[in-house]
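Have a look at the structure below before the remarks.
When the chains are written out, they are named A, B, C, D, E, F, G and H in that same order, and each has its own residue count from 1.
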């Protein structure tokens, strides 16, 4: 069982590289995968990596950079700015920071620009309304919210750009680890809101990147 | 099994009479209960009564008034206006009308004033903001919403009065017959929002009535 | 409760008009809304409209066109082709036709071009692989699947464009009315797949439209 | 991501200040927020704060008072008694103490009076009946119960004041972390009972406070 | 597939005969089973039989007696009174009548005496307290309740006899077809309450019968 | 959307033909598919076909044979007996007949022999034990059960052959449409029991066929 | 909040004393309750007490006896044998030992005799059949099982005594912490099986005790 | 409670020995069981054994071999190769390694040959297609996948052998600890796929072994 099958061709096929999902892998498995990247001279981003594994990997991969909020480990450099456009990332509360940070780290790794807006929860709707002019300048908006997950519903009724909702596991009781926020976003009466899995800042970032690449393709760049 | 035990003393104990829940009872059972009210000369309101049962009951209770939207059957008269205050009832969409109508019918039966605002869903937040001055004049607000149930969250962050959320079964897929709206309201990051069961316009009305009665008690009336 | 609050300003705000969700509204409510559109001379599309309601509305709105597969009622004309690009719509099975048809009807109403691929389920993966060259020409792909909902996972690993998954309620037992397909798409190990509610062809169409409008905005058109 | 957007205007808008939800925030985030309060000279209450975070915060905020049962951290003083009325807090069992304590701490911070009744579970109904005269003197009653959550049902049938049910996560097996108690309270055949999220003593306190403020508003004070 | 394997030996093995569960069987299947009973000259009780099947069976089994409330079909006579004791059957509301009737029909078929108490819901607890002296005379009590299912909790704290809870599917929203009542009874903080499936008046009756037979066995009769 | 993509190559690829899932398809869609089979001169079996659709199809496909218990429609002839072995099909109760019949119909269509045992539920375990000698002669056993789904657990502990469990939707209350039986079979402490979806007699038949084909392949036939 | 309301009158009312549920209470709360028992000179049994709390309590209550398998703490002596009869306790597997031990400890505390049978799971049905003669001598049988929870179904079909099923949280995956075993027992096609909450050995013991007390009452002792 | 009832006759009855499920048993219980095996001179495999228990058991059972990935403890030797055939084991990702290892350990203990393929997830479908020729040489295939669990669906459409799906608990959010993968496999539109419980590599191995034994039985060996 010693031949991991890394999808190095993904970049040609899809326009972005494979990322390594760290959560379910042992430190040994991740180390073996990172070695393969080192051999090829490729940069690599590990997501959802627990701090204790990051610490253990630091021994052999001293150059790797761990972000304890985003829980990402980066080996090699972020790509140069790609000029594809700007992804707005808006979050309902301070507690959603890890998800915001993960989305930022992934987009930065891909060279895509971001702009972040935090603490815009619907319990104080004026905070959202005040940021509207800036939000309207973003090309795509990632909208992060836990608890009742209402922010993407309100936002999607205010701007016409693509909005990607990310429910977070923040909350308790019937928040059910993010399930209520997820189902609320999917049931939204706002039109054309799409959603990713709970706490999946990574997936939202890639979805935004797919959209911006389309713009480039269509404009012939 | 022929002696139904109606709680006629409820009015003295709680300050409002017993209502008859029609949904799970057979037409025969309801008829037998109504006869008891007729004998006592008391007015009575049956809630959640299916149209076919209402039609069957109309034969023997010609004076009873059925409201097909609210699904209530009233025997006898509504109480005279009690001057306790005004209950605002705001709904996210046109489809929530049956729940709004049930709350209205119950409050009217109790003599309590209402003011209704429909189609104020969060996908067009300006509609809510435009009604704010009027909403702030209500003493208690019942806030009705299906789908993602976000309206009570936003509203509770805008006004300081008691807000009672009523999730409705409007929606499909993960709206899950109102469960998502219910859980969203309960998980709300807005402060002090309370909630009743799905489609329970009746319960919200009684809760609002309990609050207004408190005002009367406290002001010595 | 007689003043429905239609969001006629949505078009300026978001770049597409309000649609009417027909499922939870009574025939009378829909008729009243349609009259408002007729007065303004605007076209209108009602979604998720049950056949019996469509039949009842045909009496007063003889010019309205009902599509029994898509369950949409159109009053007035589709917009002229907008040249924004092409939305590919791919479905796993014949049974997914209503959802495909709804997405098509909505995009056609907005003047956006579509291309449809049916019966490409993963149980015969060669069918999907055979359509790949054509799929790669689409700008955005809506991917519709019931049962285990695996098609969007496989597809998102084969093409780099934005992919929007639509789970359908086709299946039985633990398919749970589309919940399993929905959760499978959200849990997908494919990167950057976004998802809408079960059977929500409408939402997927609007999401695709938002993306294509971005292309237009960015390319200065 | 360093500009937390605290809703300092909440007090004017709603009549009570913002509270800080401590559970999902890092110690660093909370410290940054507390500093803002210190700068303004405002008092502040952090809820659902884990003991280890409280210990860490004690280093820099020596004057802050942590209540290990209520899991609240108070910076600055409770408001002076506001004379709005009395909130009765009744709990089914000794194990519900943390939720009772949280509700008490929040009301005390707002200057509202409370009276507490513990161990009144329905398995020994005489304990509830014996406290009835005292309960009837409260203006609003917060009713806390885990396991089957039956206490608010019984209580709401005995007194006419507003009753706010708080399900707790006490119990095991199908008690499901409080979901059964929550659903039981929402399904209650008692009339006009409203409910907040599982273990949400905070929300119940604010709801009670909203009601008492209404009394003041109505009586012109 | 034409040889149904009826468990005619059950009576010797367990002390009570096999009953026929009618709900999932076709009219033809039930007819074939009834013929076997007729051949043997045995009495038989079919439970949960839909009215239309009962009507169809009446053609060939004219002597069979159908109870439309209990939904039972009896072929042959009830057993003579067995003198084992009395089973109290108490129900929270009028709507629980079908479950009460099923339990009664099964016990009557077995020759066991019953005493029924209806409309004793906890929202008017005095109704239960008033019936306590009579309930204390029953040997076993079957306690039937829908909605929040609180009655068995309260009752089990008032009497020392065996109490068997039967949740019913009466209620709406989060009552979830009886699941909330079931889980509430199972989570009860009352001691020694046992429970059967939702609407399972039949199972409760057999459980009560098993207990009364034990009394007979132990007292040597 | 008019080009259904039938997987006619499935037979070469997998060793058995494609079947048509009738439940979610319209009568028109099925008719169009059947025509394709008629053109090719291939036999075809439609599963889970509702009676009203079968009746409508009978007009144009007079030679097709509908089995109302199995809910299958067969066009063309069953394959000749293939001599691969015998599949035992055992069911807990009479009510499980439709699932048993579906499995039988599918295996008969493939030319594989079956032997059926009905009414062997665990509430009368002697019925199962009595059939054991015959069951031990089967090569593979399909074990069908609703309610608590215990039969496959017991059976798998008594015989060493492959056992495939099929939960059925027979039962009520917490039987939850077959979910409890399904989860019980999957949680079974019996070793090596495999399971298919609720009511999926078809899937169990194909799984048994795959196993028997392996025997043939391995023995060189 | 310092006056715990212990139900010391329970013994007269119900025929057995109150027990202390240790799981959700703090060590301080339990200590305070135990002191009340010491003052009265009453014996007391604490259930579901975590080892670390037992260790802490041992300092002040040196005479208390903790059973680490049953997780019970006993202060004072078990009651003398009451001669009411024998409760058989049968468990499917070795892993169910804690639940068996809890039931034993509770019955022993009440002076009721028990007989235990372990490792009788249905995957080796001969083990159950071999114990049948002994089981038939018990007056009431408590039947404990995790995983698919099939043992009570089989047993209830073999003996005519009252059988009380106790699902345990043993198992993984869809065993769902005992929910599958619970639902399987409730859905059982065996007649007259009653059930208690997951892992609730305590409740089963009290239910058995209630039954045996009835025997005593009926036989005049 | 000291007489564990080990099913030593299982080997004769079913053709494979009993295995010991370690997860829910205490170290003492496992030690007692292992001693019984030592006394008989039989080999034994303990599954799902936590590392800390393995460490504790190593003191008294020095010859036992613990595999920390598979979490199995083997006492005695694996059986000699039985020549029954080869079981292919294919996994979607590196994180599925523990389940793969458990299945391998069990089959090796039984003397059955295996061949393993890892990292063949559907997000890079070419990896699966590239391994197809080798997979077609296996007699039975165990297919392991977490997240959306799509691999068995795709695979079952590509090969005709028996395929046994094993969902794993790898994933987060709506992956729900493997429930989504499980339900996806059960809902699969691929034909004849059977499934075992989440993470149940053991069960899949035994199911594969049952199939291979059948081949031997049928071919007279």
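Operating definition for what follows: contacts are C-beta pairs under 8 Å (C-beta built on N, C-alpha and C of every residue); 3 or more make two chains touch, one makes a residue touch a chain.
These numbers were taken from a predicted model, which means no experiment stands behind them.
Under the touch definition stated at the top, chain F and chain G share these contacting partners: E, H.
Although chain B and chain E share one sequence, what matters here is the overlap of their interface residues, and that overlap falls short of half of the numbers used.
In the CA-based superposition of chain G onto chain H, the rotation angle is 90 degrees, rounded to steps of 5.
Note on chain placement: the centre of chain D and the centre of chain G lie 35 Å apart, centres being C-alpha means. Averaged C-alpha coordinates put the centre of chain A at 44 Å from the centre of chain F. Residue positions of chain D touching 2 or more other chains: 10, 21, 93, 123-124, 157-158, 171, 173-175, 179, 182, 186-187, 189, 191, 197, 200. Applying the touch definition to all chain combinations yields A-B, A-C, A-D, A-H, B-C, B-D, B-E, C-F, C-H, D-E, D-G, E-F, E-G, F-G, F-H, G-H.
The touching residues of chain A, when paired with chain D in their complex, are 93-95, 97, 100-101, 104, 116, 118-120, 123-124, 126-127, 146, 170-175. By the touch criterion given at the top, residues 1, 3-7, 9-10, 21, 23-26, 29, 33, 48, 167, 169, 177-179, 182, 197-200 of chain E touch chain F in their complex.
Across the interface of their complex, chain G is touched by residues 92-93, 121-125, 147-150, 153-154, 156-158, 171, 173-176, 179-191 of chain F. For chain D in complex with chain B, the touching residues are 10, 13-16, 19, 21, 85, 139-140, 157-164, 182, 186-187, 189, 191-197, 200, 202-211, 213-215, 218-219.
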